[in-house]
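Beneath this line is the structure, given in structure tokens, with notes to follow.
All chains are identified by letter, namely A, B, C and D, in their written order; residue positions are counted from 1 within each chain.
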Amino acid sequence: MKALEKGDIVCLLSEDGKKWLVKIESRNFSTHNGIINLDSITGKSPGGFVMTSTNHKLYFFIPSIEELILHYVKRSTQIIYPKDAGYLILKLGIKEGMKILEIGTGSGAMTLALAYFVGKTGKIYTYEERENFSKKAKHLIEQLNLSDRVVFHTKNIADGIEENNFDSAIIDIKNPQDYLDKVISCLSCGASFGIVVPTTNQVSTVLEISETLPVIDVGVCEILLRKYKTNPERLRPNDVMVGHTAYLITGRKISV
Amino acid sequence: MKALEKGDIVCLLSEDGKKWLVKIESRNFSTHNGIINLDSITGKSPGGFVMTSTNHKLYFFIPSIEELILHYVKRSTQIIYPKDAGYLILKLGIKEGMKILEIGTGSGAMTLALAYFVGKTGKIYTYEERENFSKKAKHLIEQLNLSDRVVFHTKNIADGIEENNFDSAIIDIKNPQDYLDKVISCLSCGASFGIVVPTTNQVSTVLEISETLPVIDVGVCEILLRKYKTNPERLRPNDVMVGHTAYLITGRKISV
Amino acid sequence: MKALEKGDIVCLLSEDGKKWLVKIESRNFSTHNGIINLDSITGKSPGGFVMTSTNHKLYFFIPSIEELILHYVKRSTQIIYPKDAGYLILKLGIKEGMKILEIGTGSGAMTLALAYFVGKTGKIYTYEERENFSKKAKHLIEQLNLSDRVVFHTKNIADGIEENNFDSAIIDIKNPQDYLDKVISCLSCGASFGIVVPTTNQVSTVLEISETLPVIDVGVCEILLRKYKTNPERLRPNDVMVGHTAYLITGRKISV
Amino acid sequence: MKALEKGDIVCLLSEDGKKWLVKIESRNFSTHNGIINLDSITGKSPGGFVMTSTNHKLYFFIPSIEELILHYVKRSTQIIYPKDAGYLILKLGIKEGMKILEIGTGSGAMTLALAYFVGKTGKIYTYEERENFSKKAKHLIEQLNLSDRVVFHTKNIADGIEENNFDSAIIDIKNPQDYLDKVISCLSCGASFGIVVPTTNQVSTVLEISETLPVIDVGVCEILLRKYKTNPERLRPNDVMVGHTAYLITGRKISV
């Protein structure tokens, strides 16, 4: 792997397992295990470590998409969880070169995952009506050097979706039922779509609407992630786990 | 989306929700809802349908990675499930351009997911000692036009891993504990790794070995996928669900 | 334990783990492992075995409540599962001496569990409008020698609940929302209640109604039972599990 | 229900859903919603309320077994959870009149559940080597007026189990594998047993030992309890849930 440079986002990991995602720049960074100057990482290879002011190791890595979502995306709104994003990407068939519609940029967590997976030849068109969210997400995508893959629209999609012929769409807003017909009408025939909703009432409402639209293969699921303690002689799940993030509704547009 | 051509792999979907993945060629294809000649799909756009001999609609789509894994990969061995593959891809930080080691090609399910996500500039080196598996997986990758992204080795890795400086590794064999040190030694510092095992005993054994290796951030988890019936007025989970596929162990190599 | 007698219900268990619950009487009983005459068990102690016609052991036990529910109750309707019944019994505070209302006798699975736990001094009043169900459940309770603890009403509770001052109530019918006020009005202040419903829509409806009633401490949950394969060297959950039985809604009546 | 008396244990419930289990006696009890004198509950009927010093309602109930376990049993050690206790009671066939062996009294949570369900004619013999636990559990059982149903032994069972011919046994200690043979030898033929262990390693060890003992129908499971938020218009599971309490191993003794 290439050496780390100023401006790169790195994952710092303390000896006791705490993680931070930071940009490499000339400033001090404080942890419960002492201080480092972030600049001291410049030029080093991932997987190495620096010693903090109190003589603890601090490892650094190139962050995974999971770490970017969980530790870097500013949590100004509910983010999509990696367990859900990962499943959706395979379920929706996200691939390089795709043209994707995202309704509800939010913090940009899904935007960044999509941007990585559509590659240089793909494009994400993401809509968000709250200006502060849109701005933060745009900044995030810039920091990850993915700006040429994402077009940001700061507007309510009641005022129109400006593109069409999308290969896939992901909807993560409070009232997906109000815009589902509009979204479906912008998709290519055969395109997949995914909707992320937290409540069972929303699932029912979306399912009802979808019965009136040219869609097929509609499915609903939820994904549970259960982590384990890593003591090999006392293997057991963690005492507490995330009990719910969202229901995922997926389907495909058909020609009529 | 571009029109479908002879040789393309398509997902057929019956009105009652049954799916088949087939290659478009000049032959009849029989379903419980009648027969079609696959050639009749040639030149059509995804999302359309053809009528079967018994006057039922049969829709066709470009398959998602989930469908390729579940409906196309020959199940000569236990495949990795999309719920697990999707999570691993985000957790391991799989991205375009990566050089990835896969130990245990198996049916090629993970191979194909990796091949899609590393893009044109990435490369998968996959090892499998059983010749028939290796052959089938190679055929699968060829059919998906991903051959230039995958190097197949038909050998036991006890006899050596021929490359090094990998950005990530995925191990899905019966005895990962026997080769974990060898795999770790071929990774770049900072590289991620993921191990897929079905039993708790294997998890314990791998965790024990990993304590002796230059790795950090070792975690264990399992992913549960719970599907729901899609009647909006009677929303409820399916009566039966997959109760277990595998435990996922992940971590990162550090410099020592 | 006392010796088994004619008329007792026993659990038969084959060497390969198959179970049957039968009444001891003079008749042949056929299994995939050969035939026995049930009378040959008379006078034997639980935990013993008889040899079948094909020389296989068939063990016999006094059935647990779990086995009675899963293997003996005629499944003419959806039964309550032991995982749900067990939790409800502790959650509702079912104890000896209690006077309990059951709306929806169904197959009598919950009736029998309640009858065991209220003891000789308790009483269950159970309502069922479908005569054939009521009859079968009554027969079941007779066979278990619990008849003096259960009063069967074959009527629609729209026509009235004949008793009051109940210590607890369990409702397991299709439209609990239609009768919840009536049920609550028959409870003593401070009494607990439990409602068993399969769909999220029903949960929402019941929660809405309950907001208009003199109840408190209303909770909703579901219980998942995950079984494991018992190979000590390859410990892992079963491949398939029950994904859903019912949502459980519980609460307590208060004075107003 | 009869009026509450001095010395009764009641469940107090605040308007915002917080619970406390207390004994009725002449003393002040402070909550975040003001103070009451517990004596003011004497003579009142369950399901009623008293006003606190700051004019909030505080409801009172006869506690369920679930509440006794979760809110009253002093948590000096890991308690068994109601979800697990409830399932075990049905699975093991606990009924009135049974003679039950408990290895590991702990805080007395399981002891009290068993004592309720064996009724006046049953008996629990419970062993605990740590004197302080045994003492506290004894005090708990006394407060619940169940003392005539429970015999406490403060000793290590390495020094012998003093009774035999048990109808069922529950083992909840750190090293069940060391005493399983001894426990099985004290059971009647046909008796059920349940073992509660937190780790997969312990499950494997117990399964291995059990293969050498006269037992049959050995099963392993875990129970997951998932609670929901009770807003009918926004029904969804809680964000966080208990991810693990224990694995439950059950089986039956056979004659050899």
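By our rule, a contact is a pair of C-beta atoms (placed from the backbone, for glycine too) under 8 Å apart; a residue touches a chain by one contact, two chains touch by 3 or more.
Nothing here was measured: the structure is a model prediction, and the numbers come from that model.
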**Fill in**
The chain pair with the larger count of contacting C-beta pairs, comparing A-D against A-C, is A-D
**Fill in**
Between the Cα centroids of chain A and chain C the separation in whole angstrom comes to 46
**Message:** Between chain A and chain B, what distance separates the C-alpha centroids? Give it in angstrom.
**Reply:** 21
**Asked** When you check chain B against every other chain, which residues touch at least two of them?
**Response** 200-201, 203-204, 226-227, 233, 235
**Prompt:** In graph terms, with chains as vertices and touches as edges, which category applies: line, ring, star, complete, or other?
**Reply:** complete
**Item:** In the complex, chain D residues that touch chain C
**Value:** 1, 13, 17, 19, 45-49, 59-67, 69, 82-83, 85-93, 95-96, 113, 116-117, 119-120, 165, 167, 188-192, 200, 203-205, 207-208, 211, 216-233, 235, 247, 252-255
**Request:** Provide the residue numbers of chain B that touch chain C in the complex, in ascending order.
**Result:** 198-201, 226-227, 233-244
**Complete:** Interface with chain D, chain B side, in the complex: residues 200-201, 203-204
